[in-house]
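In order of appearance the chains are A, B and C, and numbering begins at 1 in each one.
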Amino acid sequence: MKLADLAQQIGGELAGDGSVDVTGVSPVDDVKPGHVTLADSEEHFAQAEASAAAAIVVSIEVAQSRKPMIRVKKTTLALAKMLAIFHPPQKPEPGVHPTAFIGRDVSLPASVHVGANAVVKDRASIGERSVVDAGAVVGERVVIGADCFIHSNATLYRDIRLGNRVVIHSGTVVGSDGFGYAQEGRTRVKVPQVGTVVIEDDVEIGANVAIDRSTLGATIIKRGTKIDNLVQIAHNVVIGEDTVVCGLAGISGSVTIGDNVTIAGQVGMADHISIGSNATIGAQSGVSKSLDGGQYYLGSPAVPIGLASRQYAVWANLPELSKRVRELEKRLDELKPR
Amino acid sequence: MKLADLAQQIGGELAGDGSVDVTGVSPVDDVKPGHVTLADSEEHFAQAEASAAAAIVVSIEVAQSRKPMIRVKKTTLALAKMLAIFHPPQKPEPGVHPTAFIGRDVSLPASVHVGANAVVKDRASIGERSVVDAGAVVGERVVIGADCFIHSNATLYRDIRLGNRVVIHSGTVVGSDGFGYAQEGRTRVKVPQVGTVVIEDDVEIGANVAIDRSTLGATIIKRGTKIDNLVQIAHNVVIGEDTVVCGLAGISGSVTIGDNVTIAGQVGMADHISIGSNATIGAQSGVSKSLDGGQYYLGSPAVPIGLASRQYAVWANLPELSKRVRELEKRLDELKPR
Amino acid sequence: MKLADLAQQIGGELAGDGSVDVTGVSPVDDVKPGHVTLADSEEHFAQAEASAAAAIVVSIEVAQSRKPMIRVKKTTLALAKMLAIFHPPQKPEPGVHPTAFIGRDVSLPASVHVGANAVVKDRASIGERSVVDAGAVVGERVVIGADCFIHSNATLYRDIRLGNRVVIHSGTVVGSDGFGYAQEGRTRVKVPQVGTVVIEDDVEIGANVAIDRSTLGATIIKRGTKIDNLVQIAHNVVIGEDTVVCGLAGISGSVTIGDNVTIAGQVGMADHISIGSNATIGAQSGVSKSLDGGQYYLGSPAVPIGLASRQYAVWANLPELSKRVRELEKRLDELKPR
């Protein structure tokens, strides 16, 4: 591919010779000859200049370069686009593998791939070009939209609904029973979980995630939200659009999360609270009550970052603070004994 | 179903016309016509009154209602019972799916269901009416009691024993090797994990849980205990009866937990400690030493809630406390310079 | 087996009658007749003396015993060796199960076992004597070394490379897409994850772990490292040799961890940091910046244990400290009103 074409496809501005051939994209610390690399800092730019790169994609101001360049606003976005160009997604061929099992009354267009030893149960419906990879299990009456990818050994319980372009990674479970019991004496009586899970368009869910079905109604993950590995999403949770939930976070029952929220790794949330849109919650925070949108929170319990920073600043010097109090007591005792 | 029959079946007291027909149960914020709904607060009662509900199940004192009512002590217990009535559990038909694989000398009554592409290995034994759903793997010599449900893609390693009415959700692994190594120089020499896991009657285990087999003897989960998703239970752990372990909690090796303990989400426990019966451990707590039963603990390290509350109260104002110490130093310096 | 032979095989020093027969190894609190048991404390030694044990393996100084003994330096190492002797690992017979599916151009020696309903995709290569157990999925072009064990329902995505003697427990996912998105307006554009995962010799990975493939290059787990259950390892992480990562720990993207590091349970790490060799990080710590090797760290944020201990000591008495400040204010007010 010519560099000029690449510049156009990623929406960048060409600077230098657009006729050079580029054959791939490399990280700046390990550039293969003929590849493009990226620089978002002076240090990386110097590395890129010294490398075997055929061209450099830059987001910083640089006067000039020995190599042709593509100027972009964000290198991560340019990287995303270039990787999609040089490494188009590998999708298995359409068709149902002979070892897969397809139940009765399943809606299954010819463009769908169902992998080896996968199972699609009765009355499920799978949209055009979707993939149910090896060993995955799709429950009764599950509805999967178009262009979805259910990776190997993922499990969708019965009656789940997925929009279009939804990706579910391996080991992930969608639609297991919510953790609901009523106490009768000491016995826990199971509250049957008869609701469902709805996952909207363009959601991607990592590996070994657990998303419980609701008691009644639906657990909902809205359009464009991305969920990392090993996340727990309890019953009746509603997560808004374009939200990000990082690894090992735990969202308790009936929590409502707005749009464009960022939830960092290992965050925990108490049940029945709500998080406003555009909030960010720092790693390992414990959210014990509802939080307004648009702010950055940190800590356990989570508080606005300004307060949290001051708390952690004192915490860092807590032994010192304790000594100073002892010193004050001594001085005061000398001045006026108790 | 007549309301009077429903009242009787859930053990509630009818107030009003018992002859009305009820066709289901709805949450109070989304009531379908003909359904019963529930009210455990004045606010919910007002909502229920204004809704299309055919009748209201109430746990609070209400003088009267425009609708017939069933009075109960706990709405959650009533909900559990009504959902079980209106949504009887969906169990697959008895029989072994032609794509399932059954090993040699397996004990498998005709009432058992083994799903598509499931595997039951040699000399396993499965009790009456139990279900091994699609893609689940049951190891050699595993004993499963009656009326169990092993959900899709769950894995039971060899020699595990399950009681009756045990539910294992998808992706859960029971009997993987405990994390035991002996150091020899810098190399970690594996301590073979030759014990097992015993899960007693009426235990329910969520999705993507990991329960390790013991080094010797058994990891034990006793009768009636409920375990949420993504919980780690290490080797040689013993969990008592009617205990609840919430999502993403981690129980380290050789921990002993009593009966009726509540362990909230993301709690961690050091190894070789014990937790007394009827203890409650708040979310994200880190338990570093054994705790007496009957108390509520919180924090990392976890301490009784009374102390924890005072700790967190000071923490909330820690920047203020630091300022006050500085102020004291200034005042004292003015009074008597150092 | 004669005790004298056992002593020799585990590298211990025989004391007493080496001709006694020993038939197994038991924990000190539940000794079967004819078994060896272990004592690493006076208390355990007294228990062992009083037990039905045929002999005692001791690591402490004991003057004499009624029973023959084997003296060793570390009982855990002796236990590891004795368990390996009395409980040799159970490996399934070589051969491909008729219900397994093997893709095209797979390299599969006759010594390999592929279990029921397992899937090995096109162009994968599996080394001598390795096991791919029931329901496991091995992706396209995956290379697995000799003597590996991929447990049931584990999933290896395409193009992953495993060394020799690697053990992957059930439910674990290796090679899922890293959690990388570039923001374009509010939309998250996926950064294609076109790298891989390399797992070196003698690595053992617990159940329901998630290890993401790198964006470019490789996520790497080096020789001898052991990973517990439910651990999250993000893209581009490099973990050194002989390192230990305990349950529910989360390693964020591009973290580099040295050799012989110990990472306790539920530890979290910010992305792009590095941890020096021989470091130990205590349970539930949150590591927000790079840490030097050779030290013990604790807390969130993690600091050297000396500071952490002093911080937690003050924390334990924080309500008291607050009271003392109030008292100081009162005394100073009395001395010199504000």
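FYI, a residue touches a chain if its C-beta (ideal position, glycine included) is under 8 Å from a C-beta of that chain, and two chains touch if they have at least 3 such contacts.
A quick note: this is a predicted structure, and the numbers were derived from the prediction, not measured.
Comparing the contact residues of chain A and chain C by number shows a mostly separate set, under half of all numbers used being common to the two copies. In the CA-based superposition of chain A onto chain B, the rotation angle is 120 degrees, rounded to steps of 5. Taking each chain's centre as the mean of its C-alpha atoms, chain A lies 26 Å from chain C. Residues of chain B in contact with two or more other chains: 99, 117, 135, 153, 171, 208, 230, 248, 266, 315, 321, 325, 328, 332, 335. Chain contact summary for the complex, chain C toward chain B: residues 25-27, 30, 74, 76-77, 79-81, 83-84, 86-87, 89-90, 97, 99, 115-117, 133-135, 151-153, 167, 169-171, 204, 206-208, 224, 226, 228-230, 241-242, 244, 246-248, 259-260, 265-266, 283-284, 312, 315-316, 318-319, 321-322, 325, 328-329, 332, 335-336, 338. On chain B, the positions that touch chain C within their shared complex are 99, 101, 117-119, 121, 135, 137, 139, 153-155, 157-158, 171-173, 176-177, 179-184, 186-192, 194, 208-210, 212, 215-217, 230, 232, 234, 248, 250, 252, 266, 268, 270, 286, 288, 300-301, 303, 307, 310-311, 313-315, 321, 324-325, 328, 331-332, 335.
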